[in-house]
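Note that the chains are named A, B, C and D in the order they appear, and that numbering of residues resets to 1 at the start of each chain.
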Amino acid sequence: MIYSVDTILSLVLLSILFSLGSSRLTVLFKVIAFQGVVVSIVPLIIGGREFGWGDITFTLATMTVRGIVIPFCIYFAIKKATIETKFRPIVGYNASMMGGLIFIVMAAVVGGKLHLPAVSEGKLLFPAAVTLLVAGMFLLMARRNAIAMVLGYIMMENGIYLVGTTFSVQARHIVEFGILLDILAGVMIMAVILQNIKQAFDDMDTARLRTLKE
Amino acid sequence: MMIESILFYVGAIIVAPFFSAVILKVKAFFGGKKGPPLLINYYTLIKLLKKGSVYSTSTTTIFKLGPIVSLCAVLTVLMFLPIAGVKPVFSFKGDIIFVLYLLGLGRFFTIAAAMDTASPFEGMGAAREANFPIICEASFMMILVLFYKMTGNFNLSSWFSDTQPMTLWQSAGSPLIFVVISLFIILLTENARVPVDDPATHLELTMIHEVMVLDHSGPDFAMIEFGAFMKLFFYATLIARLICPFNTGHLAVDVSVFAGAILMVYVAAGITESVMARYRMDRVSKFVMTSFALAFFATILTLEFIG
Amino acid sequence: MNLFYMSFLILFSGGILALVGQRNFALMKMLSVVSLATGCLSGLIASAQALWQEKVFQFSFTYLNHFELSYKIDSLSAFFLVVIFLISMIAVIYSYHYMDHSENALATSVHYFFFSLLIISMALVVTADNIITFMLSWEIMSLSSFFLVIFDYGKAENRKAGYLYFIFSHIGAMFIFAAFGVVYGYTSQFGFNGMAGLPDTVKMIVFVLAFIGFGSKAGVFPFHVWLPHAHPAAPSHISAVMSGVMIKTGIYGILRVYSLLDYHVSVLGMIVLVAGVISGILGVVYALGQHDLKRLLAYSSVENVGIILIGIGIGMIGVATGNPLMAILGFSGGLLHVLNHSIFKSLLFMGAGMVLHKTGTRAIDRLGGLLKRMRITGATFLIGSLAISGLPPFNGFVGEFFIYLGAFNGTLFGNTAFVAGVLAVVSLAVIGGLALACFTKVMGVVFQGEPRSRAAADKDETGNTMLFAMMILASFCIIIGVLPGIFIQMTLKGLSSVSMGYGRIPLEPFIQMTENITLAAVVFLMVLLVLLAMRTLAYRGKPVGRKGTWGCGFTQPTPKMQYTGSSYSASIVEFFRPVAPFQEHHPPVEGRFPEKTIYHSRIDDIAERHMTTIIVRPVMWMFDRLRWIQHGDIHLYIGYIFLAIVVLLFFV
Amino acid sequence: MVVEMVFLAPFLTGLIAFFLPRTLGRPLLPLTGVFHLMLSVMLWVKRPSPLFPGYFEVTPEGLLSLIVISLLFFLVSIYAMGYLRESTIRSENIFNGSMLLFLSTMTMVTLSDHIMVMWIAIEATTLSSAPLIFTYRSKASLEATWKYVLVCSVGIAMALLGSVLITIAMDIGKVNVPVSFSALTLNARQLDPLWLKAAFVFILVGYGTKMGLCPMHTWLPDAHSEAPSPASALLSGVLLNCAYLGIFKTNKIMVAAGLGDFSGTILMVFGLMSIIAAATFILKQTEYKRMLAYSSIENMGIIAFGTGIGGPGVYGALLCLIHHSLIKSSLFLTSGNILLGYGTRLIESTGSLARRMPKTFVAFFGGFAAISGFPPFGIFIGELFIILGAFKSGHYSAAGIFIFSMCVVFAGFAKQVMIISFDDKSSRDKILEKQDMIWPQYTLLLTSVFLCFWMPDTLYRTIVEAVTSIGGGF
């Protein structure tokens, strides 16, 4: 079991690098969807917990929301033509990828030193979660395309979810579900805003959203 | 005692105009002239008292009040002055401050009366009259600090009556000379003498005191003149007691010694007027500052001695 | 006791009445003036009683369930209460005819409301007995007086004045907050009582902080910058109250903190004394250089606060050097000057108010010759000027006389006392001379001579309550000047609650001193009477004519040729050039037939000038450097969040 | 009477309001407001136990916030009736519905006890208030909404991570209790300190973003100035309190765990930074609504500072919290009047407010004096205690910076207020002022005045209860 978790997680790490290095938003969408599915499944398969119907339903629901609803929600909010517009990123793609690599190594080293309760079962859990989080943050900071930013936010949320569900045993489905609902609603609102941005400015460049300042 | 004091007070009032005439005489002597008679001031006063007055249409009551208040101030001041070592009519702790401020009151009214006429020349004189004595007061205060520090008393009579001036010399020694000089400068400044002011100049623009009283006439002017004589007498007395601090205890001897001393002061003033020219107005401040510096210096030096 | 409650109640209801009754202007004014005056009167009676009987009243209310608003009227408070209620009462009376613009009914009623608040809050400030109570009253005082300052907000200069005042009072209050904060930090109680038990260095810090805070209210150089702006901006009776009374709450604060700290070292006294000397001399120099009548009076307040501080400083050094006579003379002189200054300064402001009211201008060099038509105003203003110049036989002299005696007394002793004494004596002398020059200028240029502009020509004085108020104050000037005994007793009683460690102060030696002054003053007045009689005799039957002023040969004199205020003060101001930068502006006279030219001069207040360069600009510069953080770029905004976390994680 | 009803009721009416036309939707606001106020008062008086203990709980600090929210919403809703009448808003049903949902979610914040529920509620406030900011549909408001949603969501995601870290701290410390603030406070000593500290950092930054602490405050001036005034009043007045509540409760755990110094220092630093940041932008501000927004940042800084220094400071901070809500919302409502009257947000285009809109002026200037800490308004007492507390705890230099930057803020604020109120601009004509758009502000200000002199005993005891729960007091 442990083996398979680490395999999946290494795929996730790879996908992160991929997303950092890619200039194409469609790639990013796919990566996000993939990560959504993975982070939903991982809690189920680690720890050798007994899981009942409730857990399975919840996992399925999470998977649906994180893997399908959220990415598509944004995808359909914006017309395809707009999605493919490219802007020069604030930090270049190659540099981003290198940074991602270095970060993964660092996260693995730090993760090894911290004695987390659940981490013994998956060596890559901590690096994967932290990297997801930081990479999401990085996308938020380094991509001028508004859509990429929202996707970065989702990636970050995925990372937090991974931390939350795997490292702590205190999870309650009702609470988790509330969080999920919040994130879903949040993304939907962001989608609406993206739509409005497109209508108002006719593109997705955040440089246009810099008028409110001192 | 009280009677004696009052008699001396009255006597001082009477002889003050005489001494002022001495200055004129000295100046005349230096100018190689015969000069006016020594009783000239009495003649002038009587002449003025006989006359009526013309008032400027610009003036108000203050103009008439001016001469009275300034004369009144000086008359009151003399009551606190020990003349020829005799105790003054009144004396209390801190009377000298009252005296100085009373002279200030007189100055206030002189200035106010001058400003009342709306004359540019009198305004000019008034401005100068307000300006120069500021530092005089400071240096006078400095001298008072010295006297007070030496004697521990704080009234004129304790410094200038009887043999007290002698005590001052004994405790202060030579620095008291500075004080005398400083007081002399104050005398020249306060009484509008050369080199601060030239009462005899022919140009109103260059005068201080004389220009302020241009519009006064008749008895009013007499009061002003009279007041000026006594003010000069006041300062001269202080200096005279310092330069001639002896007191024998015999009234007649003392009075004549005092008379001689005060005559010296007047002559000195006359000589100063004869040999010096009037300073430029902006130099006057520096001249007056000298008196402050001297007084300050004297105080510091003396304190070294009494420690 | 009940009288105090009653007076506060009447005062407050007066303010409320003003707000409620604004529709009927005359009625509103009448009601509020009457109730404010009655309130002040009952407060005056109550506080005079309290002062005379030296009783201590204490009362407190529960505040916000846990705290206390506690008030204590000891003799020091009572002394200040007397001053506050007396001057406020007269100012209220004065205002009845001064506030006669019925078209401005709303503003007038609001003004009365805040006026009542101001009186109440001043009274509460001097009676407050714990930190919360004090700051509460203090801030209400600042706020209400701010509204009075911007009464006439239509003028840009008044708005500026209000702004400056607001800022200064806030910053000053913050210093007082800090002082009390330090106290609270050590005592952990809101009452003032524990202050005596603080460690010495802490006492020093507390005193300095409090001195800056209170000094900025009192108008101590260099924290006085607001004062010459704010006081002229307010209506004249408010200027009278502000200059006469409100800034004295700063003095009260200094005295109170000093008394509470019970910390007697000469350094503190030296701080106060030097601050006093600087404010005194610079205040009057700047006053001399002003062209605006009310601004001049405001600067003169700075000067007089300086004199008061000199007195207090002498007193503090006296206590510190173990020299009771010097201490009591200094303190009582300072306190008496508090009373005196409040009287003659409000008198002068009221006179200036009359001038302003009738001529519509405050520019000294546009006035002149007012005395001929405004006899009462002129006469009372003359008395005020004489008093403020510290001349006998008026009240200003008495306070200074005591300070002089204290300072001279100090010169008898060791180094510190000697230096302090000499410093005080010399500076008092200089201040006296300059004040004389300053107020002869005001009298001479504003009231005497010929009108310099049409505004000043043929203006009569009207408004009975205004004249009445001024006459009362003028008579106080003379009464205190001639019979200072009872008033010195007042100050001594007031002093008895300032902790100096002397126990009961014997009254006799000081009464003796006042009797001397009385004697001298009476002698002077007698001589004056005799001379007046003689003058009448001398003029009997003599021809008395009236003619134009002799122009020294010039035959076409015009009022424009008169010496102006600027020219009058020019030579003195010139002497103080290093501290009072003097600037002239006049286009050169050119050509054979020169054009009309102008002359403009002003002196700068170095505190005001350097306030901009030393404080305001660096602060603005510093904050301008921070402005980039709000650049509008969302990427970096998110970066801030990231950065905050990363930085904080280092500290975990 | 169930605790949960207090937030479910506005939630339902909010949902309904989305589908109601404007004539019906508008009165729904005050109606719900009244109902909500009644419920809150009942909650206050009866203090019932919740249906889901462990998730919801009635805490003193929650009650304080709740009653403020309730009162404020009621008054704001009355004002909003007038405001909606005067201004043109395209889809009013969204505005109405969002307002009600906003109320509901904020109420939920005050009542939630479970750490995650708290997070859900706070994130929900972001989401329900986003449409409010976008009400005017302008490019600027779009930008403001975008920044608001994104920055706040990212920030709050950090708080989620922090909450997760708390559960990790529980696991390591072998604490097996519900993940609720109250339970954790009781067992705080057993939590792993390292992870707890990390959790606090994340939660502080996260909720601090929402609360407007510098340097995470960046969205606040944009959002608060672009929203319509009734919404700004709620955003500034109570939303910030809700985020503060999250920090407060976490701080409670920290204090109970003996880590009060760590959390206090961080709070102080953030507080001071916020005040300085506010000072920076108030000094040369050109728009009055932005100025008010920065002033909110300043006040949140003051509150954070007060909470950080502990002792009397906490009491002061809570007083500031209550009074700031009352006063700032009043100011924002007043700014709505100015906006409607002058039609501009620029300070320099206003002027003569005292002459042209005297009633508004009274509310505006009163609010200004109040927010600057002048009596007889309550912030004065709050700030007094904070300063006293700062000196008591020996943080002399912090107190110095605090006082200095407050003075700068005051200087800047006063300058702008003087311009708005008194500057003599060309026109002197009166501008019509509607009664119902004046007295809500007056009520708020008078409440503050009232509470400065007398507090109901129950209010006082509740405050003290909250204060002592994080180790404050005298």
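Here is the rule we go by: a residue touches a chain if its C-beta (ideal position, glycine included) is under 8 Å from a C-beta of that chain, and two chains touch if they have at least 3 such contacts.
All of these numbers come straight from a predicted model, not from anything done at the bench.
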item	value
Co-neighbours of chain C and chain B - touch as defined	none
If a chain touches chain A and chain C alike, it appears here	D
A-D against C-D, pair bridged by the larger set of C-beta contacts	C-D
Furthest chain, CA centroid comparison against chain C	A
Separation of mean Cα positions, chain B and chain A [Å, integer]	100
CA centroid of chain B to CA centroid of chain D, Å	77
Approximate Å spacing (C-alpha centroids) for the pair chain A, chain D	31
Chain C-chain D separation of Cα centroids, rounded to whole Å	43
For chain D, residues that touch 2 or more chains besides their own	146-147, 150, 154, 221, 281, 284
Chain B: positions in contact with at least two other chains	none
Per-residue overlap in chain C, given as positions that touch at least 2 other chains	627, 630, 634, 638
Pairs of chains satisfying the touch condition	A-C, A-D, B-C, C-D
Contacting residues of chain D [partner chain A, same complex]	114, 116-117, 119-120, 123-124, 126-127, 130-131, 134, 137, 139-140, 142-147, 149-150, 153-154, 157, 160-161, 164, 167-168, 170-172, 179, 221-222, 226, 281, 284
Chain A contact footprint on chain C (complex, rising order)	627, 630-636, 638-639, 642
Sites on chain D touched by chain C in the complex	146-147, 150-151, 154-155, 158, 194, 197-198, 201-202, 204-205, 208-209, 214-216, 218-219, 221, 262, 266, 276-277, 279-281, 283-284, 354, 358, 369, 372-376, 380-381, 384, 387-388, 390-394, 396, 399-400, 403, 406-408, 410-411, 414-415, 418, 421-424, 452-455, 457, 460, 464, 474
Sites on chain C touched by chain D in the complex	63-66, 106, 131-132, 135-136, 139-140, 142-143, 150, 153-154, 156, 159, 162-163, 166-167, 170-171, 174, 177-178, 180-182, 184-185, 188, 619-620, 623-624, 626-627, 629-630, 634, 637-638, 640-641, 643-645, 648-649, 651-652
Of all residues in chain B, those that touch chain C in their complex	49, 51-60, 62, 64, 68-69, 71-73, 75-76, 79, 90, 92-95, 97-98, 101-102, 104-105, 107-108, 111-112, 114-124, 126-128, 130-131, 133-138, 140-142, 144-145, 148-149, 152, 154, 204, 214-215, 218-220, 222-223, 281-282, 285, 299, 303
